[in-house]
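The first chain written gets the first letter, and so on, giving A, B, C, D and E; residue counts start at 1 in each chain.
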Amino acid sequence: MIRKITYTIFLSIIVATLILFFVAFPFGKNKMGVGKYYLNNDIKQTGAANVVTAVTLDYRGLDTLGEVTVLFAAAAGVSILFYLIDQDKKKRERQVYPNFIVRVGSRIIFPFILLFGSYIFIHGHLTPGGGFQGGSIIASGFLLLYLAYPGERVNRKKLAVTEGLAGLTFVVFGAIGIFTGAHSFLFNFFPKGTLNMLFSAGILPILYIAIGFKVGSEFAGIIDDMMCQTVCGGEK
Amino acid sequence: MIFYVGAFILIAVGLYAIIIKKNLVKIIIGLDLISSGTNLLIVSIGYVKGGTAPIFSHPGILPQMMVDPVPQALTLTAIVIGASELALAAAFVAILYKHYGTLDIRKVRGLKW
Amino acid sequence: MVNLTNPILLIAVPLFFVFLAAVIAPFSKRATKYLPPVAFLINLIITLYLIPQVAEKGVIVATTAGIKPPFAINIAVDGLGLSLAIIASLLGLIASLYNLKYITEEPQDKFNMLFLLLGTGITWMVITGDMFNLFVAFEVTSISAFGLVGFLRDKDSIEAGFKYLVMGSIGASLLLIGVVMLYAATGTLNMADIAEKIARFSFRQKLLPYSFIFTGLGIEGALFPLNAWLPDAHPAAPSSVSSILSGIMTTAAIYAIIRATVTVFNYSAITPFILLIALLTLVFGETSAFFQKDIKRMLAYSTIGQTGFFFFAFSLGSVQGMQGAFMQILNHSLSKAMLFLIAGAMITQVHSRNIDDFSGIGKKMKISSVFFAIGAFSLMGLPPFFGFWSKLTIIFATLAYTNFYTITLVVILLFMSVIEGAYFFRVMQSMFFGKLKEGTEIKEASPGLVVPFVILGIVILTLAIYPTPIIAVSKKIAVQLIHRAVYINAVLGGL
Amino acid sequence: MIIVSWILIIIMIVLAILSVQFKDLLAAVVAMGAVSLIISLLFLLLQAPDVAMAEASIGAALTMIIYIIVVRKTERREK
Amino acid sequence: MNMSLMVLLLTPFTGGILSYLGGKIHRSVRYTFAILFSSLTLVELFFYYNKPVNHFVLGKMFGSVMILQINPISWLFAFIVTTISLLAIIFSVNDMEGRGGLDFYYFELMVVEGAMLGITLAGDLLTFFLFWEIMSWTSYLLIIQGGNKSIKAGYKYIIMSIIGANSMLIAIAMIYGKIHTLVFRNVAMLLAASPHGFDIAIFVLFAIGFFVEAAVMPLHTWVSDAYSEAPSSVSSVLSGVLEKIGAYGLFVLLYALFGVSLLGKLMPLRFPSPTIMYTIGWFAGISIVVSTFLAILQEDAKKLLAYSSISQIGYVVLGISIGTSLGVAGGLFHALNHAIFKSLLFFTIGAVIYRTGTRNLSELGGLIKKMPVTFTGTLFGIIALAGVPPLNGFVSKWMIYEALLQKKEVFLLILALIGSTGSFLYVYRLIHSTFLGQLPEKFKDVKEVPFLMQIPIWLLSLGTIVFGIWPGLAMNVIARGEKFFGITPIKYNLYGFPGGNGMGSLKMINISSVFIAGLIVAYIIFALGAKTHRISQYDNYAAGQVVTKDTKYNYSYGFYMFFGRVVNPVFKWSADKIYLAWARSANVFGDYMRRIYTGNLETYSSYIVVIISLVGFLILLGGKIW
């Protein structure tokens, strides 16, 4: 009991100091430094309507590359941990067969979910949304399939290949930036096109599509590992 | 100002959960609370009173009226990093349960000194 | 093609190989085994290419997205960063060669990918010039380290992995909060830009973001109260992984702290507080290493001790202190990585990690025990080896102004190095002069394991025989680091 | 805008404390999902649609799934 | 010409490496190389007989230049180092025959020789410390060659010598902190100019390091185990040379760094010589007396010799600390003599052990008939050790007594006299129980040692005679050395000392001629006297009672039991017990420290929160603190 009280006191001190720090930077005040630069010449430099996409992919593209590798590492880590974990077949889960409506309904809805997800990451640079959001929607589409058909498994070979190819496109497009024009990684060498048109903002849509596939396949991979009640090793 | 306070309290509750709670799942929930709190903090730093979303959906929108896009870009990355960290933590908990047969952190003390 | 040596390639090339491994993995698991060595070799070549440029220009700046630094992420490679990148790729190359024979457990393709990611993450952390990018690189390194620590999936490594994960992710969140507070205060994320803009804040206002960043990185950098996960995590990982973890990963986190303290915050006034933490790390690390029965756990504790040692040297604040810290970093990462590889080779023969089972193997495993002795002597700081010069510089730096405190500090330092000598000696004594247990046929480890650490041994010996150029280089690096203006102008110069 | 945000934040804090205190792990997980949902709403208030979508789809959907799978593989009740 | 100092220094190291590689080819190649190279160093040394070279730059490290130099005193100690190691290598050729790992053994022996040479040639503190550390490590490796009990002894030695080396390191760092260069001359200037407390601190720190090596009383505990457990050729190198390096260090400290005039300034209280020198004198005096008493009570031959070398080195330190030119010359000359007769004794006892396999005095006896050469060697050794006129021990002890008398330090003189009379006792004990008395059954077929082991014994006995009768040979080196270091050189001639200014004259030639004449007269009386016929030893002991061959009639166990009963109560507390107690408490402290890693996650994560809240608390109070 004393532990709880002491730690609540410590935590309240931390919260108090944090608030004290942020008093100097009030909530609504315009604290933009670098942000103003991005807002003013986003259209000129990247041609993307959605400034957030421009910042995530173009100005701070390396962060997103790092972020994608983090997700890749997490997927690899999870598949390591779940490798041969449920090898003992005798402990098979009692198979829960969802009723008829879920099985039929999921077969109908799944393509629409894929369509909606791909819409989001294709239009990443125009409307809010992008690779991450579209990819996770696709992953939840796969999830629906797991609920409907608990026995079947996603073909992990194809998932791994899409994952790898998407990552490769991202890195290759970035590396091309080094050899052309301004000798810097992720340089936007494609034509910018006109604002709010689908083929605008240079390589951003291509990168976001790659990220969309990658995030989608990775989260699907993670869920597949997690959900696998039956044999997990072997053919992966 | 309430956004900041809310974010800090979320972080504090997350830390509290990790330190006090004995159950492994509660510890992961604590982790998740800390990363959600941080995400809320990051975005609320970028808010400008009366600003609009930073998207040039139609020509009439002026850059001066927009909210700061940079924190939103950072939060995008932070959310996905938090989610992947969490997935790995969940995998560890599942395996720990398989080895130790319990979710109580006090029993998971094979290594010391 | 001048842009072939663009420092960005240090990140792009290994990532290319990682994703290539992901594509190849479903088809042939064996092929992924050979990708990490190739990637680390290319990295090593690139870093060696960069040396003349850094030597003459001081700091190389490479931009991303073709936009000048403060408005885009940039890579800033200075002397210290480049040498840590060289060490990281060298150790990565040697450990991945070691892996070819050493890793037999099943999901090898995933292991190779994560191993390569670990190496990339460390190189990334060491050369990036942007605070948020440092957080992302820190995250890449930690996540792949969590996965690798739990790779063996037995009772100990899972528990160690989980504790490491919880501590690591709390650290990452604290680092993120710190970076965001810096963003709220200064509006930018570029290190040099923050350094300029944060100068106008008072010491007290700068303290909170600094303490968040310091604690966040300190957890990974094995500082005193925050390093409780390390003695469990490093032994539980496979030996090649723990050689990278101990060798260069904690050093990369300490590098980030040094970068934050010196370049970003310009905090010379904070050093007495850091001095205390570094001293406690040294004391706790060395004394607890003295009582270990498990050889890898002993090496892990000695990593804590050594990290405390060179962090102490840095926190002296003087140029000579930083020079001593750099030389100690160099010495520690090379010899500690070699010691872990040798311990791994010995464990494969002796099938146990208990030091008493190692008695008498000096006669059977001649090469590995001789190189173990070399590594241990160099770590302890015996005269002919490089460790002696680094320890000497650090002691000279501490006693730059002799008063009562510095003498007690030096006495503690020396007493700790005596303890370190004692426990390494105990192992070597039982190894060389102990009686061999009957019935255990031990023969030298297979060449696949022996060749890598022999290469490391040769590097250490060349350092021992001819240390003067390295000492001169470390002096230049220390001067360049302490005078932070060089870094800031180089990055923002092109404004 | 102010009143809505006050209410949402207070609900969020209450839900967070509840999710830590619940004995039944599934209830705690659901409370955690609700917290992420409210955070995604708050992002909307803060004029950040991208992040709201990301938080909703990743934070609320996928993290919840992972939690539920973990609770299903381990125990339901705490202690 | 100045390149050859480097060549001189490198020959032992190259010799070591070559003998190690040679050993891989064939056994004999190994020690031929070793002997060849160590004799080469000896020959090279003679090039520098009286040509002091004082500036050969080795390299530039940390801004201070590393210099090799040679002055007469360092030439003297280099001479001791090379001769004794050469003889030790020759001796160990068949002494170490049985043991394995011999390549490494010869390598270490050569490296130790090289390191000690490096110390004597060092011109600045950095090279001095570098070779000092190498020496202590390689001698540790040499000690533990002697089997598993020697590992514990070696462990104790290395811990104590590290502590000594570290205290020296602190002193060097403090000096470097002040003037950023470590060459002896500038250091001496610094010490002359720096405040009082700084000098004392530097002096004490250096003294700790040298006392450990020179085995002066409080820090001597490692000596008895290390010398007795190590193989005999190693213990002769250790006692013959390692201790002298400690004494050389003390000499350098007192006369090169501080200089007599400066020491006078330090604490010119009412004592005759400066207080620091006086205290060292007393340390030396105590270690002479106590270790002589301990030596008397020993049962094990090598332990006896080990304690006797502690007391003899006490004489050397006493001589150096007197401060007058005669005293310093006496101390240095005694260092040379002690090196000669102590390694002679270790070689002869080593020969006895080589043949009989035991070093327990009570089991030995009557070897005079079986090993005549070793007997004569031991005879010369013990006569020199006890300080009997014709041999070299007498001259140096005489000089030390004379100097003490001149300085009118009566109590130190009394301690020295007790020490030398005590050495009579244990020296007689040594020769009596090994060579005289009844030959036990199991040593019936003991033969003399092979010729190669006899060479060192012959050479060293010759050395005792030569330096005994013609002390002038060593004196001119020592006198030039004293002039080099600014002490007024003593007046000497080939056979001893001319009289003058209150000092008796000493002409060794007439004393030894008188001694020899006496011998001849005694022999004549013995030969011409009544017809003597050989009586077997059994008759005169058993007085006609029928005694079988294997009854043992001369018991040498507890030879000085009566003396022991008097002295033993004093030795209840010994420095060793104190050190062990400290070691144990360090263990407990360390064991307590590691309890912090408790292994449960909450405490780990709570540390994080505690740190952040601590900082937060500081900030909240911030207004007041800053």
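We take it that contacts are C-beta pairs under 8 Å (C-beta built on N, C-alpha and C of every residue); 3 or more make two chains touch, one makes a residue touch a chain.
The model shown is predicted, which means the values in this text are computed figures rather than measured ones.
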> Which chains does chain A share as contact partners with chain B?
Replying inline: C, D, E
>> Using only alpha carbons, which chain's centroid is the nearest to the whole structure's centroid?
In response: C
>> Can you tell me which chain pair comes out on top for contact count?
In response: A-C
> Of all the other chains, whose mean CA position lies farthest from chain E?
Replying inline: D
>> Distance between chain B and chain E based on Cα centroids, please, to the nearest Å.
In response: 70
>> Please tell me the distance, in whole Å, between the geometric centres of chain A and chain E computed from their C-alpha atoms.
In response: 75
>> Distance between chain C and chain E based on Cα centroids, please, to the nearest Å.
In response: 45
> chain A to chain D: how many Å between their CA centres?
Replying inline: 19
> So which stretches of chain E touch two or more other chains?
Replying inline: 594, 597-599, 601, 605-606, 609-610, 612, 615-616, 619
> Which residues of chain B are in contact with two or more other chains?
Replying inline: 2-3, 5, 9, 11, 15-16, 18-20, 24, 27, 44-47, 53-55, 70, 72, 74, 76-77, 79-81, 84-85, 87-88, 90, 92-95, 108-111, 113
> Going by the touch rule set out above, which residues of chain C reach two or more other chains?
Replying inline: 132, 136, 139, 143, 146-147, 150, 153, 158, 166, 170, 184, 189, 208, 231-232, 288, 291
> Which pairs of chains touch one another in this structure?
Replying inline: A-B, A-C, A-D, A-E, B-C, B-D, B-E, C-E
>> Using the touch definition from the top, list the residues of chain D that touch chain A in their complex.
In response: 48-54, 57-58, 61-62, 65-66, 69-70
> Can you list the residues on chain E that touch chain A in the complex?
Replying inline: 606, 609-610, 612-613, 615-617, 619-620
> For chain A, which residues count as touching chain B in their complex?
Replying inline: 3-4, 7-8, 11-12, 14-15, 18-19, 22, 25-32, 34-36, 38-40, 42-43, 49-52, 54-56, 60, 63-64, 66-67, 70-71, 73-75, 77-78, 81-82, 85, 127-128, 130, 132, 195-196, 215, 222, 225-226
> Hey, which residues of chain A end up touching chain D in the complex?
Replying inline: 50, 52-53, 120, 128-130, 132-133, 136-137, 139-140, 143, 219, 222-223, 226-227
>> Give the list of chain B residues in touch with chain D in this complex.
In response: 2-3, 5-6, 9-10, 13-14, 16-17, 21-26, 28-30, 32-33, 36, 39-40, 43-44, 46-47, 51-55, 67, 72, 75-76, 79-80, 83, 86-87, 90, 93-94, 97, 103-104
